[in-house]
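Next come two complexes built around chain A: one with chain B, the other with chain C.
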Partner chain A sequence: MTEKPDLFLRKATGLIRSWSVMDAFIYAFFSINLVTLGLYTMSQAYAFNGGMIPALIISAVLILAEIVVYSGLIAVMPRAGGDYVWQSRILGGGVGFILAMTGWCFILWLWTPLYADMLRHIVLVPLAAVLGFKDAALSIASSPMAWLAVCVITCAFVFLVIALGMKSYARVQKFCFWVGNVGLLVVLGLLFAGNQGAFRSNFDAGAAQLLGLKDAYAAIEAAGTAAGATTPMWGGSLGQVFLLMPFLAFFNLWPNWGATLYGEVKGSQDFRKNFLGMASALIVTTALAIVLLLAIDKALGWGFYMKANAAYWSARWGLAQGAAVMPVWPYPAFLAVLSIHSTLLRVLILAAMAMWFFGWAGTIYLSSTRILFSASFDRLLPEAMAAIDPKTRTPFNALLFMIIPGLVVSVLFVFNIWNFSSLTLVSTLVIAVTFLGTGIAAVVLPFTKKALYRASPLANFRIGKLPLISLFGLVFCAFLGFLLYEWLVDPGNLYGISYRNVPSMLFMGFLYLLAVGVYVGMRAYRRRSGIDVDKIYGEIPVE
Partner chain B sequence: MDCNEPLLEEGRGLVADAARRGLTLRLLGGMAVRATCPSSRSEPFARSCDDLDFFASASPASIEELFAGRGWLPEAEFNLYNGSSRLKFRHSELGKSADIFLGRFAMCHVIKLDKRLDTTTMTIPFAELLLTKLQVVEANDKDFADCFCILADHGLGPAASGLIDAADFAAACAEDWGLQTTVELSLAKLRAWIGGSNIEEAARSAALDRMDALLAAVSSAPKGLAWKARSMIGRRVRWYELPEEAERC
Partner chain C sequence: MTGKALVPIVRLASGRWRAVLLQQVSELESEAEVAAMEKAIASRGYYPFRTDEEEMAAFAADQAAVDRLFHKTVIDVMARWMEIAEKKLAGSGIACYVCPGNDDAFEIDEVIAGSSAVSDAEGRIVDLGEGFTMASTGWSNPTPWKTHREAEESDLYARLTALIPADADCSHWIFNLHAPPRGTGLDDAPELDENLFVKNAGQSVVPVGSSAVHRIIEEKAPLLSLHGHIHEAKGVARIGTTLCINPGSLYEQGVLQGAVIDLDPRRGIRSYVLTTG
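Showing the complex of A and B:
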């Protein structure tokens, strides 16, 4: 008799999800974007005493706890909506809705002018300068109207890439990932091949030719010293190093940014794959950051780089007297290309580096749309929020819900109405509060949702008698607790968004009240329509 | 009456309505086999089908409109996230679901189905229908039974004559080393399954002869550069996707 072949149990219809693990890795890699978020926030942290590299390393180690938490929750419930679904099902609907809406949607309005600020300083200003449009470069770098126009351009670009759909967006990401990394490799090569003596003469010549500045190097040294540029690359006590982390969190707290999308990622119920995807993004980015800082030190001198940052930001924040000696943001790629004289090469390198922005820009609203969809399916938002245009398959309503308030907040931020431009780190604080909710959900999951936990692959991961996810959840919560204390209490007056900053408190209060209002209002409205949202929260949504 | 008849009738109605609207909709899967293979409707192959599978070459919006017009409700959340390539509907009266592949069939392998849809009116052509069954890496009894019915009931020849077009079958495999590998493995498993099953001799013999002919066509079809390059890597790297369940709760 013929041998019976191996047969498998297979359900009739399966699904090939839109994103591979590699796509999720690239999304995580771009979410902790070294060139945009990393350089932008490190440049602002110029007046500390803790070493930048130790702070990068220690914060990355602590953020690994976040990755364990998120990888675990994704494996237990790989649903679109991420934090919202987990918190609402583990901690309760009200908590989940309020924290997810504020941290994944409302606060992203504040990120709109920040993304646009990075677009102008990383893409538009350097390209305009090397192409010989000196006045345009200086105007884009300093004019609020130009910044506002860039906010509109940012929103339009993000709208376009999200409208392309997940598969096409993954292709855009992949292209930007490879081209951007080639660009970074070239920049690193230029920096490592240079030296500080050559840089000084190249910088003075380049600044004069491209920006019309005279003796820029010496002027920046003086202005940077006066502005109090102190942050070292290495060294500092552990306490001083930790004080840098509330700034660095703006950059590296987000390897989990794809959490709301994991319902669309292949194999997302595999804890190890989720962990590896996010952890490798964090580790690679941290390593790249260290290499880039070493290259900057070799070519520019760390001290000069920090002074240039201090000169730029102190003038922009109105802390320095007189005209700005550094009228454009000290973008290391721009400084690196001053060592070559071919305009074409300069443009090519800066254009390749621009891919760090374009591959990343979609992260501003893409994750938010999934929260809006999930809340809409739970009936906590109008059904129209999850509507898709039948022809283009674009979630117009969800995108408009993000873009229109985003542009309103941009106006407040760009023109510094009600001191809004001091709220940069609020963008991180509100999300950290949401992450704290998820951290707590992770801690209690094995004890409050026993059946769900035991049925998941996560039940196999324990340290001693303690569930892995609870243990790492505690570490993550402790880290977030430290960050929140520093931001909100800020004993050293370092971050500018503490309780002493009234607009900061009012803005955050407004966001939370708005979320509470929507929750209470929609719940009452649904009850009148005969829908009990508590019952919805008692079920786990389908994939 | 065949328990599948009401669902099959609905499937035929949908295909006919689609044609009236100028849309291309074709049956796939078990119900396509039921519609075209007499042996699938009698023992030992008769079985009930729980859903309708379709391939559509049309916009998602037009398909949504078509199904809504016949009382099918969209699975809103699934369609939101996957609607550019897949749509799902549920019919509360029939208690059945419908699954529509849009533009391309993507499961363990991607199969281009839109090339010769003009040669058929109800289902996709038999060569492609067979491929959609043989591309399954973790095939089960139902898949093997469906493959056998297609092979036993339909001879080889041009698709336009309503036959299994060996040239089309081979051409699809020649474009994709991974697909060919899975198809060859599936045919070997099918051969063993037929050997272990209680099947009438004439049908068994016809199916085995056609399998041999298909394998010969696959083997002799000229291969492209991409196929050859992928063949050099071989099975050391996984050559297929494993579809995941879309609903597990």
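Showing the complex of A and C:
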């Protein structure tokens, strides 16, 4: 029997088949990176009363609304530029430019020292320690100059990735995905096979041998308790659980990170496929996080793990008196390999776990450069911003625009000038504001861009009489509203970036003023040159 | 210029109509709903046509019949566009040049030739006045789809050098070449596997433009070079002093992208802006 087709195609350029959900999954999976972002932020949230696992689950459920919003917008307008293009077209060019430039470009400057911090603690320090370079390990872990050097290395790595091109890096990412997951599986195996009694003796022996610490376990127990390590794995009231989410957002708010890259790729209008790619990454990552926390509880004891985090961060933030009893970040993979004695095996496991960093870090500025290109093509940035070197095909100007200020911010952060080291969560806040703009755009899309919406496959998705994208947009906006309230007002004084933190306010104010200044200035400059940039966003009515 | 798909709106035995657009199945009841679906399909740059289940079965078994329907529809729609252009442009003093791209069958050239408002610029040197000259071709380098107007790079280069006189001073020339120059970012397209599936979720892009086009721009250094072909690669680039533009295409979202360029006989390019209509 002949199969009845739904449409007939002629031979024509661009008639390509869609991507696999697995590929989309890998990209989103790395964007909400459990080993880098996840462990880094969970370790800092040691002084709460809500359970970590309930917070992971509830925040993931809420972030599914974000995935519906972004999958929907990609289906309606799958254009390279993501938030910038959606907001420009739906909310207006000025709003789109300011929110996209701050949330996808300027704030990535602040991410530079954070990426570098993760590189040193997840890759350099543990590898140096197990290889017997004790002094190097301790120096990299604590010296600001070493951290700054790692910032430079991070930028050099990103430069290399972008110069190599995404074709090459996509292959690197796939390699890192599989090797990193094998590494994680081994770490989970070690943790589940261990017990707290054995861990204590292994930890004391390992800490003495690799880091020169004596009776480290007992010292950390005491220091962690004194530092106020309270966060439980389970339990707590719903309100207490919610208070963990402004920390967790640093890790799990980004399954949409590839949105700026979709462009006009055939199949990108398939709402279900976009949703599945991002949602499966979020669900699998959340499940993996829970399994990892259970494994940590089994081998280390949840209480000890939180005390180790408290001992480390309280000393680093200057909250604890005296010398740091935990001079290196309590990286669970490092703690797990202390149960084995082969240096080669330790190195192999830690190197495999390092792939979680390398498969992810290359994209720190990738989305930024895309946004810079879009703004340049819209004449809101100089044409040179989108220039590509003819030999290497590298966007040197756009990269330098990200790297140089990134290194300046790194100096401020690493040396804690103007209290910059307290600004970690600002990195998430500013992007959340950009996402809020996109959430609002999603809510109003079916009502303000009726023709565009009705001509999209999304028009068939409704709950009752309400468009699906508007409904989930409201949920997403409400979630972001809660996060922003907690960060900015912070009644419990939990996150350190509220209005009471003047450098935090000034830094964010500077970023937004810079974006407004560039927009107003470029608009006026173009107008003098005879270009009305408002026309770029204008639409010709359909006849 | 021509659409890539015929989308059937099938009359079912129940009297309702069924259409699948962008993987979404719609069952339609009234004439108004069917007309709205036809408009939605057309706004995507596809061709709607009404049919029934019996005829659909026949089409599914007879590719030649599909080709004939495509041919007729393409010609009809192109003729309708020419009529619209004549109505809009008559007496306006605006010259309208078009250049069929590699996807367009040769039959549409006859339709354009019959228009009094639209000129086919394919393979021609056109004097635009005020000292500006335009050279055009819609031919491209080879694609995986083996379309109507594509040639090997060496043949394409020969075609371009035959079009543009060797001794021409191109400082006030506009090259209107469908294929973008290779490796400029105006030609970045998603990497595909051998079965034309997008690799790496579309994250991996590769240059697919023409090295012949790049070479002729380098050699002749025209004032401006206009391109299309790679819909995803909206952008602006420079080869030497030549400004190269690919406005990209979003016709499948019912959006018209373009470039408005202000030329000045003395200064060359006074300004340009890429538009999204």
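Throughout what follows, the second predicted complex is superposed on the first by the 518 of 543 C-alpha atoms of A that agree within 3 Å, B and C clash if a C-alpha of one lies under 4 Å from a C-alpha of the other, contacts with A are read in each partner's own complex, and residues count from 1 in each chain.
One rule holds for everything that comes next: a residue touches a chain if its C-beta (ideal position, glycine included) is under 8 Å from a C-beta of that chain, and two chains touch if they have at least 3 such contacts.
A quick note: this is a predicted structure, and the numbers were derived from the prediction, not measured.
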Problem set entry | More chain A residues in contact [chain B versus chain C] | C
Exercise. What is the contact status of A:Lys167 with respect to chain B (first) and chain C (second): first, second, both, or neither?
Worked result: both
Exercise. Where does A:Asp270 make contact in the superposed view: on chain B (first), on chain C (second), on both, or on neither?
Worked result: second
For this session: With the two complexes superposed on chain A, say which partner A:Ala386 touches: chain B (first), chain C (second), both, or neither.
Result: both
Exercise. Of the partners chain B and chain C, which touch A:Phe373 in the superposed model: first, second, both, neither?
Worked result: both
Exercise. Common interface residues of chain A with chain B and chain C?
Worked result: 2-18, 80, 165-167, 263-264, 266-267, 373, 377, 386, 388, 390, 393, 539-540, 542
Seminar exercise, completed: Within their complex, chain C touches chain A through residues 4-8, 20-24, 26, 40, 43-44, 46, 53, 56-57, 59-61, 66-67, 69-70, 102-103, 140, 143, 145-148, 183-185, 190-192, 195-207, 229, 231-232, 234-239, 248-250, 252-256, 260, 262, 270-271, 273-277
Exercise. Residues of chain A touching chain C in their complex?
Worked result: 2-20, 23-24, 26-27, 76-80, 89, 165-167, 169-170, 173-174, 258, 261-270, 277, 373, 376-379, 383, 386-388, 390, 393, 451-452, 454-457, 460, 529-531, 533, 535-540, 542
Problem set entry | chain A residues touching chain B - in the complex, by the definition given at the top | 1-18, 80, 165-167, 263-264, 266-267, 373, 377, 386, 388, 390-391, 393, 395, 539-543
Problem set entry | chain A contact footprint on chain B (complex, rising order) | 29-30, 50-51, 53, 59-61, 64, 76-78, 80-86, 99, 106-107, 136, 138-143, 188-189, 192-193, 195-196, 241-249
